[in-house]
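Each of the two complexes below includes chain A, the first together with chain B, the second together with chain C.
Moving on, here comes the complex of A and B:
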């Protein structure tokens, strides 16, 4: 039968494993936000070959499952002489995935910026790098902040897939607990609860940010 | 690295195509179930009172917070608890449909909310039967609102179905792993697997794009035919027909 006591007894272990997921997810989010900014800036330079290459990679990333991309980084890169730890391979795969999606988000965000600002900046004689650094990026990041938090929840969910390449995080911990106790249902329910707590926090944060920003805009 | 061996893929093409067919099957069945369940959930949220709307929000927040792989395993181990002993395939399809129903529910609700008010009543007022009003007035507008987000969600559904490989359902990713176990050639296996997913997603996007264009064309033609409407509803000057 369903053992509530067992479920409560494993929650501390699962929550400490969630720390691993959160750390991985924040690392991935940091990498992909920086990468996405760089990619977006490079894309606006409109170099045919570079943008073509990006579109090709983006189409691949958007057309294949994250799980397969994780397998690609973990199982296939070694045949090119790049032998990665499971954790590194996972971080690489999810970062690549998020970079592509975030760059699209940033492209959408750029379209909401008043072109007059660019004219004003150019009229003031600002250099391209200064326009990006001081004018565009700060506004862009504020505008897409809710979407960035949303992407963070997607990344957090993605970290559960790293269990299949033996990264010991919440899901893997739950499976180990299940194997030891023969109580898979309670163990996985516990893992679900942990993700629920983690992500509900960020989902609510995103919606609060969104209403705040909308108020500020009007 | 020893180069890319196409013959490996050719040798295992039957296996890979079986996997792809299983993925297509799972996706179609899950789409129908999830969309149907999404309609029910969306309509329930319109019941009077704050409770139904709060229920839909809670339902979708809970499912959006938990990774699909965990929902899958909870359903997989939970159903036997409830006395249901189903095949892995059926469990996988049920879990995927259940998971996605929250997302489709939100999409359907948003499309209904976006409908201009009073359309149904106006159609009834000019003498249409309720059925005619729905088919000729409401449905075309609903479809236009539903198509783009549903397409995105369905592409996610295709990709998320790869997680079913973890409970031994013989879909594309699983067969790719089987092939890898037999050949020890990860490059060829995952190149083939990702190529097939890519093709599936591109095909789905293409079909959806055609549907979207068709749904949009009727609207565009209707506006173009009516200069008065165009003066309100269109941002562009009507194009001169050649």
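Moving on, here comes the complex of A and C:
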């Protein structure tokens, strides 16, 4: 029997556990956006070895499940002498995953920016680093905003996978509650609701930002 | 120094994929001159402009701005390419107003004019904003300072692009087809603006394919054809 009262009773616990997911997700998002921007800049230099190395890592990241990548970071890296805390290993794995996807998104987005933007900036005497910083990256971020939010929701959901390497967050809390109460249905539904609320919040926030900013990128 | 032409082009040639576009052009533009360059599409006028602005590297030949080499330097018999840094230092001397304007869409009209001054000339934000506002007043843009480019009309955008170029105090202002991206009724407005810049002593090179416009705005006409200067004569509509 589905028990609504039990579901409501565990929501406060689940929402307070959601702080962990939220903080981890925002940290990962920040790391991956910065890393993806760096990767994007470096890739435009078209250095064969560097781009080859990136493509190698990218095909591994895109071709294997995130869960496997998290396991590798936590259980396999120690045998190479890199012993990470569960949280650190998890942040590393998801950040790597996200960096790869975001840098693909950014590479695509960059191609939609009119080359005239670079020319006009060069003609005015802006240096290449300044052109990236002041002209290309701001326009790029505005253009790919919807895709950034999409990636953020993937990251948020991805943090649930950290339950398998003992990080106590929403999913693990729900599993613990389910084990103690023998009510897996309510517990997992509760966890689902928490993720839904987090994601819907960011999706709405983004759509507000998007309508305000979108015209400034074309 | 004052004897040096603002722009000197010597023996400039440029090919794209083996097709010669500009062939051994010599050209001097002196201070205060308004030169209209006209010719059919593909005659090389835009390429000549882009080489002069340092946006293309000529295959042969030299560009000098106020007597200083831009792009290539001669050291006796040896010809050296300037580094991007060396070229960047010279770039503020040439203001370029592109056919597509290429305003920065993510910045307000005012910031489009302020940012390059701060970044390139190291002016303070206050100095740069003051200069921008003065230019906006001259160009009738005061009410539009805080608008973003998407909210401006074609004519207003063009004036922002002109203000952006002028804010760096260039010795030479170059226009690539200033009328082609505008509605026909705005041509008179552009003409009036270019004339007022000319009467203020601005040295300008204007690439256009509209003979009437060229004759009205310039005091010197350069006709190009097949990558060469075919004719170089005073224009009737000289403002001086």
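Throughout what follows, the second predicted complex is superposed on the first by the 203 of 218 C-alpha atoms of A that agree within 3 Å, B and C clash if a C-alpha of one lies under 4 Å from a C-alpha of the other, contacts with A are read in each partner's own complex, and residues count from 1 in each chain.
To be clear about the criterion, a residue touches a chain if its C-beta (ideal position, glycine included) is under 8 Å from a C-beta of that chain, and two chains touch if they have at least 3 such contacts.
As the structure is a prediction and not an experimental result, all values here were calculated from the model.
**Q** Let's test your reading of the overlay: on chain A, do chain B and chain C clash or fit side by side?
**A** fit
**Q** With chain A at the apex, figure out the C-alpha centre angle toward chain B and chain C and round it to a multiple of 10 degrees.
**A** 100
**Q** Is it chain B or chain C that touches the larger share of residues in chain A?
**A** Touching more residues of chain A than the other partner does is B.
**Q** Based on the superposed arrangement, let me know which partner A:111 touches: chain B (first), chain C (second), both, or neither?
**A** neither
**Q** Quick one: classify A:72 as touching chain B (first), chain C (second), both or neither.
**A** It touches chain B, and chain C stays clear.
**Q** Figure out whether A:64 sits in contact with chain B (first) or chain C (second), or with both, or with neither.
**A** A:64 contacts chain B only, not chain C.
**Q** Examine A:171 and indicate which partner it touches, taking first as chain B and second as chain C; both and neither are also allowed.
**A** Touch status of A:171: first partner only.
**Q** In Å, how small is the closest CA gap from chain B to chain C once the two complexes are overlaid?
**A** In this superposition, no C-alpha atom of chain B lies closer than 19 Å to one of chain C.
**Q** After overlaying the two complexes on chain A, where does the chain B footprint on chain A coincide with the chain C footprint?
**A** none
**Q** Flag every residue of chain A that touches chain B in the complex, lowest number first.
**A** 2, 59-60, 62-69, 71-72, 75-76, 78-81, 153, 157-158, 160-161, 163-164, 171, 174, 178, 184-185, 188-189, 191-192, 195-196, 198-200, 203
**Q** Note which residues of chain B are touching chain A in the complex, please.
**A** Result: residues 1, 61-62, 64-71, 73-74, 77-78, 81, 155, 158-163, 165-166, 173, 176, 180, 186-187, 190-191, 193-194, 197-198, 201-202 of chain B touch chain A.
**Q** Provide the residue numbers of chain A that touch chain C in the complex, in ascending order.
**A** 114, 116-117, 119-128, 130, 134-135, 138-139, 142, 215-218
**Q** If you look only at chain C, which of its residues touch chain A in the complex?
**A** 53-55, 84-85, 88-89, 91-92, 94, 96, 98, 100-106, 115-116, 119-120, 148, 150-151, 164-165, 168
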